[in-house]
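See the structures that follow.
Look for chain A in each of the two complexes below; its partner is chain B in the first and chain C in the second.
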Partner chain A sequence: MTATTAETQRKAPVRPLLLAKDHAVLILLAAVIVWLSIASPAFFTSDNILNILNQNAPLAIIAAAGTFVIVSGNFDLSTASIFAVASVSAAWLAVETGNPLLALAAAPVIGMALGALNGLVVASLRIHSFLATLASSMVYSALAVLITGGALITVDVDGFADFGRGSFLDVFIPVWVLAAVVAALWFLLSGTVFGRHVFATGGNAEAAELSGIKVDRVKVLVFVLSGLAAGIAAAIAVSRISSGQPQAGAGMELQAIAAIILGGTSIHGGVGAVWRSVAGVFLIALVGNGFDIMNFNPQLKDLVTGLIILAAVALAAVGRRSR
Partner chain B sequence: MRQAPGKVLAVAAGVALLGSGCAPDTGSADGEYRVAVLAASAQNGYNQAVYDGVVSGAEELGISVDTKILDGGFDSTTQLSQLQTAATVGGYDGVIVVPHDGPSLAGAFPLANSVPVITVLNPIGPDVDDMEPQVEGVASTVAVPPSDAAARQAEDVVDYCAELDPCKVSLLVGSLSSPLDIARRDAYQGVLGEHGNIEVVSTVEGNYDRYQSLSAVSNTLQSNRDVDAILSSADQMTLGAELALENAGIAPDSVYLTGGGGTTEAIEAVREGRWKANYLNFPVSMGAAAMEQLANAMTDKPVETVVNADTVGPDGVEPYATRETLSEPAAEDFTGEWNG
Partner chain C sequence: MTERAGTAEAPDTERAPVVTARGLSKWFGGTHAVNGVSLDLLPGEVHALVGENGAGKSSLGKLIAGVYQRDEGELEVGGTGIGRWDPARAGRHGIAMIAQELALVPELTVVQNVFLGREHSRAGVLRPGTTTEFERIDAMARFGLPPHRKVRDLGIADQQKVEIMRSLARDAKVIVMDEPTSSLTAHETEKLHELIRTLRAQGRTVVYVSHFLDAVLEIADRVTIMRDGRLVRTGPAAEETKTSLIEGMLGRALAVTFPERAAPVPPGTPPVLEAEGLATAEGVVDASLTVRPGEIVGLIGLVGSGRSEIARALYGADRLTAGSVTLCGKPHARPRPWRSIAAGLAMVPEDRHGQGLVLMRSIRENISLTHSRRFATAGVISRRRERAAVGELAARLQLRPARIELETRGFSGGNQQKALIGKSLLGDPQFVILDEPTRGVDVGAKYAIYELITALAAQGIGVLLISSEHEEVMSLSHRAYLVREGRTIDEVVPAETTIDRILTVLFDTDQKAAP
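Coming up: the complex of A and B.
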């Protein structure tokens, strides 16, 4: 056996592993879809697919924008708190003004403002984003409590629920919003100069700075995007349940980060894609959906979700070692 | 990660308590009692209502009480720390607790100082259905055994299902990592399981959250559109279930919907016929009842070790409310004691 042959033989099985590394989330997503389709006739129906897209639209929007933050080498632990502030503010405004449009439009604006604040703190004070957004999440959570006084704000204003519950061409409006946001963010990250700057900042901030990229500006903008997405998600959610509460979105920040990493975006920055994060969200969502439609013991849901995340990470790791 | 802020809050609460008095000398000497209300979460409408009841209860008793609410952040470790600190260096004469996790909170006993503790909503100790004080230091429990309440709800579902065969029932419980919710689910299954015509088609978790319940019930409706009853232990979750039914094009009043809590929205839903029933809670009255027992304990008067929470509400308001009971003259003006 010649060295070339031996090398070829060694390389041959590597390709599937590389494929697994790059597309672990899609492989698992396909596997779960196939299995659920066989296991339950109720799963692969247009109603259920729309149901899954609809109920996970807020999280997917947050994860899509969160991809920018993580690709740029940062973390945003405040998305759930921004979501809460935007939710209760929209509910409060709706009750106070009776204007549903103004109230719901305020949510993204508030989200953007709070995100900008995060970005400015991270960029100007040179505080690690993990700590900065952990601290700001506490501040924002307290703000949500102060707005509501700790209580629920129930909204009984005509038209307020239309955004979250309405449909267009038999598809829920949040699904249209999700599609539009994901398409825009996908293009922004993969097809624009700004997107390349985000990758460069996350890959090596110092080198990016030296090559003329305004790294601080990039950092502020990725947090603005993250806040904006949390605000849009909040508008959907608060409209859907017609009530704002300070605990809204609790845990969402970690769900979003888990989905982003599960999708294959590097936790170290510099590598990632919007589609990956969206796939990560729906992979986790399918587990929950499958458990509910097949009446599996809910106590096992976290176990199965954890195992699937481990499987995705393991697939990616095996592929990485084989490269 | 959600626990991190809770732990920070626990430390902050400890520091605050230390700052408020370094020795356990009480304020009772000057005629004013200092009472700590340890809320499972101060950001929660139910806990706020209990606190309001404690304050109004003290006023009704005509005693001077300085009350302070501490936020447990829905974290058992935080609340345990708060209880230990309150009883050690807080300078409080008494403590009223709405336990986030009663079995875990038992670990705080015996307390360093003999400060009477009244527990509201849930007992403190390993048995979530035993209302008698289970640990030394708890003077009284103001609550209803969760299994009894759940069984009462399930019995009403059995009545509704009497003419239906099969009668498909979906269970919507809080969180099956909580002993309280496991007890409720077991009680539901115990009662419903005795009737051959009843089929429990799904058991899902709503985590006391409208949004999560909307998602869970939307999922379960994909395979069980013909569900006859949704049995939920909390109003927030029933409101989510109602939205899921509407989204699926099912009229909520065509399904037996029930909840627990007695929120203003739930009472309105029962009055309008959208829900068939609701197990009422009276958190303001429960807070007042807890304050009364605490006052008794602090002044060495006899204490009722168990106060049945079903009996503390306004006269004439049946705890298990239906459209009929809410239209009784004594209940027609009742709109609930809280919203959340």
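Coming up: the complex of A and C.
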């Protein structure tokens, strides 16, 4: 038994292909960066890079937290609606109270509350999260319309725009927020007991339950995180444009899921990482940026983005089969 | 191969092999799972593949059936070389696989599963004719399965029969069976063997991958022994004995025995666990039992008697509708898994893939899953402490390969089982429920698990042992409860009785219950 162990431990042939598949999103991201840097001198400047980061901070924050939802084996289709409710609520509060800080701080709190509601519905009623959040996204969207009366709430309060438009140390505040949120979530998923529980819940819910994990609590918490992130994203966006619109963020929920999957997180749960989703967001963003810089037909942007996502998912599927 | 004159069942070695493998190799990560194996499969033979866990016998079967793609080597089927190989191509070449993890559609009926992918249809519209075809196959297999029952409502043994019928429906020439008897009762195994003989008489080849050496010797014409991914030898089963097979598998001699029973517990010792009048919606009707520290207590019952359900009730995997549990003298109200774990209970569930392990995560994460808080400060896990503890446990359990960072999926069944047991021991429990702890585990590893169980008892841990292999419960436990229809109906001391006498009791009452 032991005599032959040394033989079986012989080194396996190196599998660069497997490594490449596992890091496909980084390779693609690097390729796009190299391509754009060569194609346009305006691309690889700190101004342009910071701008891209700044513009995509809300989506990247939502995708980073959405990773938890997908890894836990769930879906959150309500992030855009939560984003809308939090946006219009913050705008309404700013107008009503004249206090920009209170208004902007309310957005994440509202996001958390709506996320908790999602989680409670999924966990206690045992409804598939796809259906539960599809329904709640409609409810929340209606809520956003009710708050504004269907109109746009323009905010003209001193200091309200500082959060979304201001800078600190020559870097936009939303970029700082993005960095902080991503670092915190990355660590939460990969380094903590809670993160383990999220992986186990998505990987095998029954085994997780029998291992003493309170699976229902994990589910509620991932939706709380997702709602919180939508609220933070809303605070950035509403401050930036100084107005609350009930249609704000429409389509973001699917963009976020697309970025998460593009990053290499498994849609079946149990496998994934926060950095992957952030890389996915910026890969899509850079392709879009490339279209602008290169003056390509913008109508083809979605087509190309869709094909890239398809290719990435197909590559991952091939990787699974050959294993 | 040597001629086997005078043996009526001997396959005709003059006939051309139906499958020829030359130098097959398969890697999984750093493990050379199959290492240059060459093999002929003859028409009309039952060819057994035996070996320890991780020896590569299942992997070899899967390479032949196209479930895995070979990394090196050549494969010939019916004399023609094969390039790309996957289950669909293998199916068209008449090779079918019945995997250990069954691949059925639970929501479809037996008939629908049997004919899945080859429904009788015209232009996509289903046509009658399936039923008569089903009856023809049913007459051959003689399983007597209810054709219109949903597969999800069948037990594992019956689901496996559906898989076998499916391969018959495809008229497979070569059927690879991976551990076909591991979830079957003795009676069901006998019926399966009858069917295999029928298949052989029809000129089909059955590749029989199994840990059960008695079964292998009974059914196989030729046996191929594997060790560490390599082929040790292929020879006529008539020339092998159980001992010669084990020695071939291990590369050394080993007696198949049980360790000495753990020291008896003084009768006055207060119990670590007491359960009174348990009932659940999942099939426990009235179960009462006590286990003392250092005592191994068995649950003996037929498949479907409610053995596992009693374990699940104690652990809180199913909710109690009646009854009470007392742990270490304290009431264990409303058991739930997390509450049980906190109170010093651990359970190794019977279905390691469905209930035990998160297959896409590493062995390290799986072993530490229940008790990851032990390695954490304020919720932040210290990988260093975790790795040290899990690594030590992996070494103690002789996990192979001892690479705890690898994905659990890539490990053999026996090593996965070791990891599962290790996972339950990490928290230093007071009381351990072992439900089928040796299912799908080979002889060498089995003995190690037996030793582990007696060692647990010697440390003063109470053990509740459930096994379909009655011999295990009889040889290891101090006391045992007889279980029938969700009730504990009697208590026996295995050392003072025989399994035959116990089974007579269990069957007798069955007959009385159903006149």
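We adopt the following convention: the second predicted complex is superposed on the first by the 308 of 323 C-alpha atoms of A that agree within 3 Å, B and C clash if a C-alpha of one lies under 4 Å from a C-alpha of the other, contacts with A are read in each partner's own complex, and residues count from 1 in each chain.
Keep this in mind: a contact is a pair of C-beta atoms (placed from the backbone, for glycine too) under 8 Å apart; a residue touches a chain by one contact, two chains touch by 3 or more.
Remember, it's a predicted structure, so these values are computed and weren't measured experimentally.
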Report task. Once the structures are superposed on A, label A:V193 by its partner contacts, choosing first (chain B), second (chain C), both or neither. Result -> second
Requested in this report: Could you say whether A:N99 touches chain B, chain C, both of them, or neither, answering first, second, both or neither?
Outcome: neither
Report task. Identify the partner contact of A:Q55: answer first if only chain B is touched, second if only chain C is, both if each is, neither if none is. Result -> first
Query raised in the report: Who wins on chain A residues touched, chain B or chain C?
Result: B
Query - Touched partner set for A:I241, first chain B, second chain C, both or neither - result: first
**Report entry** Touched partner set for A:E209, first chain B, second chain C, both or neither
**Finding:** second
Report task. Check chain A for residues that touch chain B in one structure and chain C in the other, and list them. Result -> none
Report task. Spell out the residues on chain C that touch chain A in their complex, using ranges where they run on. Result -> 27-32, 52, 69, 227-229, 250-252, 315, 317, 337-338, 340-342, 347, 349, 354-361, 365, 368-370, 372-373, 376, 379-381, 398, 400-401, 409-410, 423, 444
Query - Contact set on chain A toward chain B in their complex - result: 40, 42-43, 45, 47-48, 51, 54-55, 77, 134, 137-138, 141, 145, 149-152, 154, 165, 237, 240-241, 243, 245-248, 250-251, 253-254, 288-289, 292-295, 297-299, 301
Query raised in the report: Okay, in this complex, where on chain B does chain A touch?
Result: 1-2, 4-5, 8, 41-45, 48, 176-177, 201-205, 209-211, 214-216, 218-220, 222-223, 239-240, 243, 246-247, 265, 339-340
Report summary line: Per the touch rule, the chain A residues reaching chain C in their complex are 1, 3-5, 7-13, 191-194, 196, 199-200, 203-204, 206-214, 266, 270-271, 322-323
